[in-house]
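One structure is given below, represented as structure tokens, and several questions about it will come after.
In this document, chain identifiers A, B, C and D correspond to the written order of the chains, with residue numbering beginning at 1 in each.
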Amino acid sequence: MEEMMMRRPEEECGIFGVFNHPEASNLTYLGLYALQHRGQESCGIVSSDGNNLHSHKSMGLVADVFGNQEIFKSLPGKAAIGHVRYSTTGSSVIKNVQPIMVDYSRGSIAVAHNGNIVNAQIIKDELEAYGSIFQTTMDTEIIVHLLATSKAISLQDRLTDALSRIQGAYCLLFLTETRMVAVRDPNGFRPLCLGRQGGSYVVASESCALDLIDAEFIREIAPGEMIVIDKNGMNSFFPFKKVDPTPCIFEFVYFARPDSHIFGRNVYQVRKEQGRQLAREHKVDADIVIPIPDSGVPAALGYAEESGIPFELGLIRNHYVGRTFIEPQQAIRHFGVKIKLNPVREVLKDKRVVVIDDSIVRGTTSRKIVKMIRNAGAREVHVRISSPPTSYPCYYGIDTPNRKELISSSHSLDEIRRYITADSLGYLSEEGLMSSVGAENAGFCTACFTGGYPVKFPRLLDQDEPQMGLFEKEIEK
Amino acid sequence: MEEMMMRRPEEECGIFGVFNHPEASNLTYLGLYALQHRGQESCGIVSSDGNNLHSHKSMGLVADVFGNQEIFKSLPGKAAIGHVRYSTTGSSVIKNVQPIMVDYSRGSIAVAHNGNIVNAQIIKDELEAYGSIFQTTMDTEIIVHLLATSKAISLQDRLTDALSRIQGAYCLLFLTETRMVAVRDPNGFRPLCLGRQGGSYVVASESCALDLIDAEFIREIAPGEMIVIDKNGMNSFFPFKKVDPTPCIFEFVYFARPDSHIFGRNVYQVRKEQGRQLAREHKVDADIVIPIPDSGVPAALGYAEESGIPFELGLIRNHYVGRTFIEPQQAIRHFGVKIKLNPVREVLKDKRVVVIDDSIVRGTTSRKIVKMIRNAGAREVHVRISSPPTSYPCYYGIDTPNRKELISSSHSLDEIRRYITADSLGYLSEEGLMSSVGAENAGFCTACFTGGYPVKFPRLLDQDEPQMGLFEKEIEK
Amino acid sequence: MEEMMMRRPEEECGIFGVFNHPEASNLTYLGLYALQHRGQESCGIVSSDGNNLHSHKSMGLVADVFGNQEIFKSLPGKAAIGHVRYSTTGSSVIKNVQPIMVDYSRGSIAVAHNGNIVNAQIIKDELEAYGSIFQTTMDTEIIVHLLATSKAISLQDRLTDALSRIQGAYCLLFLTETRMVAVRDPNGFRPLCLGRQGGSYVVASESCALDLIDAEFIREIAPGEMIVIDKNGMNSFFPFKKVDPTPCIFEFVYFARPDSHIFGRNVYQVRKEQGRQLAREHKVDADIVIPIPDSGVPAALGYAEESGIPFELGLIRNHYVGRTFIEPQQAIRHFGVKIKLNPVREVLKDKRVVVIDDSIVRGTTSRKIVKMIRNAGAREVHVRISSPPTSYPCYYGIDTPNRKELISSSHSLDEIRRYITADSLGYLSEEGLMSSVGAENAGFCTACFTGGYPVKFPRLLDQDEPQMGLFEKEIEK
Amino acid sequence: MEEMMMRRPEEECGIFGVFNHPEASNLTYLGLYALQHRGQESCGIVSSDGNNLHSHKSMGLVADVFGNQEIFKSLPGKAAIGHVRYSTTGSSVIKNVQPIMVDYSRGSIAVAHNGNIVNAQIIKDELEAYGSIFQTTMDTEIIVHLLATSKAISLQDRLTDALSRIQGAYCLLFLTETRMVAVRDPNGFRPLCLGRQGGSYVVASESCALDLIDAEFIREIAPGEMIVIDKNGMNSFFPFKKVDPTPCIFEFVYFARPDSHIFGRNVYQVRKEQGRQLAREHKVDADIVIPIPDSGVPAALGYAEESGIPFELGLIRNHYVGRTFIEPQQAIRHFGVKIKLNPVREVLKDKRVVVIDDSIVRGTTSRKIVKMIRNAGAREVHVRISSPPTSYPCYYGIDTPNRKELISSSHSLDEIRRYITADSLGYLSEEGLMSSVGAENAGFCTACFTGGYPVKFPRLLDQDEPQMGLFEKEIEK
């Protein structure tokens, strides 16, 4: 899914927290490093020493922002939460780096958020009408305002008050001077899991982060569950009205790491099964199966296994990608793709090639890749996509462009095939995807494929798309 | 005043703004550069392009933070305000860099503040009780909250509402999408002046900032005055209850630049007159008069002129001071002073020396300097201070330590003299200071000398000092 | 080959040059980016505008060092050469970043070198005896000294003079004001190829660098060939005594990129064939074959194909690796490996696993990986190495540790197996490797496996190992 | 001397060394900090631990380049030398930062140089003809080449060999593994002094550097003297042919720090006497005397004292100057001067002002300053220069522009006066300058005033100026 370059403010994040560990901030840094694929633009950690919160956050990769032993001296204490984030804008949005940390009537609190709140603008307008000020353009700030205006006595009740007001997708980690709280929204859109490292509790977006710090996986935090951890241990609550869970199917398709265990399954194995199912649905007479690395590898292995067509690495990925690339003025063909991928001519030459990708967004990258494979000598190029056509934008935390930019929302299968210049094109069916996940009877959010959004959101009369992106315009104000 | 190293969060700042100039942010940068002596730790500029506000701020000196033409492209528009600030803590307080910029019900607003609000904690508690959250530890944030909760219709009325609630010292610059507002508190503690550059209005803490950008000095903004500038021009209001103005005498003694014109007088000339008066009050039979450079130079010139004792530069200042100094483990005598000042042995040798400084805070630096002068061969060292003993902390925007650290609050003149190892010690009298300023009949705040605080503040029962510093503890939370 | 952390000064580099292109330095930057895997610590470019040479070089990755359009303005001209380099020491070795650029009697010249000169110390001693001074610890500097002392008239003759003196491995790119020269040593240890981009010539260590800039691959530069390119075109010479070529077999095993074409073959296909041959030689009854990513992937695919055992990705690599990692004080098991690799538990659980790696150096990393796979639930772990035991250090440009640190130089197969805790261990035979390369009758340097060094070097009487590393001790002097 | 912006590569430097001190590199850093006024663009330190030399050098101010305790761990040992340098070009000239450190036949040696070699190009051509290569554009590199080609046995003899070949101005500090050598050229152009700190020897360009580290001033190193310091102590030699010393008079006029003691006199007192003599020679009826700060202050004090006209600070200097200034596109009058100096209007208004500066170079800055003073309300502006007209460039280590840019080389006194728009203009006479220095009978180099160059240099037939600047063109090659 090379093409997803335009993103919404709050989307695509990873969160991590640890409670009751003498090296809480150091472990959080490692946890964030393992979650780096969920957000590469900025990161931050807030720690608690029992009396005060301490913060360090910055634009940049985890290994750069925290690449200095000294920083951990400024993050003392036995509890810490952290956040990695992708966002669209430049260095000036340092104010939007999470965790957010504020003072309010009950002391200090920090929050890290993965997800997207669909009624953010309405609540923001209302809060402003009552006199609230907003210093960031993140909808996470709304949660803290709601928390601060709650009259409830206990933290747990105040959180319930606040979160009952918001709709959408959220995995949240809160840190106060003495407590860490983890919450997953009732629909359970995003993954969140609980682990143990010696006598300490750990919470992470994906289980791969537990692995890196030698933490034991206990279980996933359930949809609608709130877990409050303090010196006396852990308590679990279900304060919200129960709804049918709708975890995000796209975490399996593309977003999560293959070594993670989410929504009850291992991602790698689900992806391989998608590939197998894809082979069953869209057989083709071909010589080799190649993936778009790295995300397409498991599905391509599955496709090869099921189809009996040999798996090859026909495209090599360059991993030393920097922030920007200075392109020469004289055009280089397919430059944007070439800087990441290079074909192995000897593998592709005169071959009928099946290319496996996880999704097609705008189609422009797919088109460049097909042409590059053909230039390398392939006789035929058959594109197989391990998910159904992505025709609807996501409003729950995956970055997808507006509907009009999604090629499959306005073009037929054959039009897309012709645009990307493939000899044939096949998408995994919705049923095929569900069966790959082993979820024929379980609910998943498939809104990006079907338009069936499980959590409704306000739609203004004169707008083609829901008013989700209102915050966007305020970036950089 | 070498010793004032411990400071309060909000104190010691400079502000600058320009309205209706095609290079508003560039001029603001130059204005801040001229005000750099009012705050060296961080700086920021917010500009308005008529529809949106834009911000760039960072830890560091003005010439470093804005030393790149590209930055000004990210600060478009014909209006801008800026801020320089001194604060006590390290790189982690980027969140406390001004101007503050927020969204509220009426749009966006930015504010830059020079001063200190004495009822900050009380208002903060109250705001938090009603649900406000605080993201910085600056009392400036309170002002924006009060603004946001006002129900008044016009910006001017909302500002009046908000500022009527706060007590203390404040010079404020506000910038909205379409307006710039300058306010000086009714007591007029800090200086603020108005200028014109072609068709644009300029506001600055000191007149030296107008000089650099070729702006014409119009007048000082009056105590209690609010000036609203928009595309239709400038309007002046006096919305607050009138009180007797008490401008800060210490701006003359130490803080302002000698080439500035504040409170109706030129700083250099006032300082020279302080020196003359000091000579009248504390004559001594000596060979040379030397200043502690740079701040002591004008008073030393006055002392020399009045006493007839020749003025010499007996101490040379090194101006290439960096952020930190790596001291060798083997002690060097008077290292802390030596890194800044070096005696001219040939000038001092066998001389009876009068040393002029503007104030003594803890006494430790004065002691080192006296010893250094004596080591350089001086026969006698007579210390003369161009202000009365600083016995009380300032709560209106000058950084002074707690009372117990102020040597003159607990020691007699002779004890101080013995501590700093001077042959004699003389402070300018309060009356002498007043007459130097030409202010026998005009009010000035002299609280740091007398303890007579013109604006009252809450005093908690169990505290020795007023609860001004409550915000301090929250730094770094 | 995760373990090769100790390296020799000159080793493991990539070079790239372009002549007669309006964007010569920009293309060189892209070429270096494609060669980044050959050296990640520093990089540099020298360009010629026809009259003068211009240089920019620094510690850091290509995308960081040249990530700014402005830099290319300081590198004008239609010819440029560049270099990427791995070295062991820190920021202080900026002086050792290549290309070297000097003035000598004939003007200016810059040189970029990939390889290692085995008689460097002897020539250095001799040059110093005649009065030469050395400002770097790179043996490349020797080449420039020899060039400067040649009395020959033409550049080509001076180069022949100089290079006739040196022994060892070298691919060299020289740039003068008006010419670019490429030389490959008579043994042809390292790869070097020639391409064309429109009307310009391009030279690169590997063909993958030609691909990125859309250059056409013309041919490999032959062992012992010198190519001189100037405004009149290209001339080829063979000025050295002819010897049997011995290209480095380890480029195929580990070092080159799989999409490159070197020594007449595609790297990916050679590696796959190594895997197939490995399966033939060391069959084992197992459930899955997994690679150590990324370098082990092609051989694992070959092994799987030949053995019929399914290929799986049992280890996931984290590609966001920074310069340093702050390890917590509390030990995390296998931390050094874990920061790069994480097992997919669901893939490995209860499985008999064949793990494919390209080589074992010290054995410590292999041991950690085997334990990690076993901790993830594998029932058996069978290690298969796609090359023979690495028992001898390389002195021709691949970084390997001293002999005593090479586990296979002092331990039997079974001792190594036990040390790395594998259930079985199999190395590819030398004959098997040769047949994989299709080189039964062609010469290759296999010194690292056999100790048969094709180019001799001075051996001091009292030394266990040849005196290659003399330069090493001078680093940091 | 605000105007001297164009400089030669080697010029305007400071050097410092310490031998036999446990914190040698830390003391050297402090010494360089005290000499920062002699060169602000780059700095470096080389230390010896007895067996090896260690180096750290970079572009930037001393306090920034060495502002980190860690750096001193990489500079171990009990001996160190350091260098501060001014040069004209940008970041790319890191290769030209001193000290130079090389390996040659006798081991390693580092050298720091203050001065300028007038026969550098001739020797360089000769060395290149014999095969030397040059990696920098500093003539200091020539010295090391000469040293390396000497066949003499002892270091002292080799140094004598080498230095006998060069002509010009040089103060040199050499450091080998076991020795430190200080040399001052026979003419003694630049100052160099010897001190003691406990059991260690210290050498510095100016005595102010001894003061900062509590070192005792022993004596100045004599013209033509070579001092060799090793573990056995110090030895002094006079290996060169004796000539009449001609120390640089301009060190007194402008370059040295006022608190330094050089050439047998205190700089501050010499400058004050220049001012007194200037008053005797160029009386004028005026109201106030003001200096151009900081360099003009002592002479202005002297002028005021002698003339009886009161001394005032009419111009205030801003010391927070950064590397570059972003000037607005709309012109600000006298911007280049204003960014450093601001007039005190109240001091200057309606006054007849005598302005004291140390020299006039191009006249452009003086012109801006005179206009600025007049704009501030001065009735008359009388410029007095505390040295004779600077009509000839310096080739011995002070940065002055080419002759045609020196206004006094081609314009009469009255033309200059009219150009700078002064009411009157007076230069100190040559005799007056000599008597101020107390040097009526002692030799001083006054070539910049008289054109009488005490050390001859090659003059090419077709050149207007001597061929000194040949190195210049090679910068940036």
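Assume contacts are C-beta pairs under 8 Å (C-beta built on N, C-alpha and C of every residue); 3 or more make two chains touch, one makes a residue touch a chain.
Per UniProt, the chains are A, B, C, D = Amidophosphoribosyltransferase.
Keep in mind the model is a prediction, meaning the values are calculated, not measured.
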So which chains are sitting against chain B and chain D at once? none
As a test of understanding: of all chains, whose mean C-alpha position lies farthest from that of chain A? D
Expressed in whole Å, how far the mean CA point of chain A lies from that of chain D is 60
Gap in Å, rounded to a whole number, between the CA centres of chain D and chain C: 48
In chain C, the residues touching two or more other chains are none
How is the touch graph of the chains shaped: line, ring, star, complete or other? ring
Per the touch rule above, enumerate the chain pairs that touch, sorted by label. A-B, A-C, B-D, C-D
Under the stated contact criterion, what part of chain C meets chain D in this complex? 52-56, 74, 92, 94, 100-105, 108, 125, 128-135, 137, 144-145, 148-150, 474, 476-477
Note: in the complex, chain A contacts chain C through residues 22-23, 26-27, 29-30, 33-34, 36-37, 40, 61-64, 66-69, 72, 208, 211-214, 257-259, 261, 266, 268-269, 294, 297-298, 301, 305, 310-313, 316, 318-326, 328-330, 332-333, 338-339, 342-347
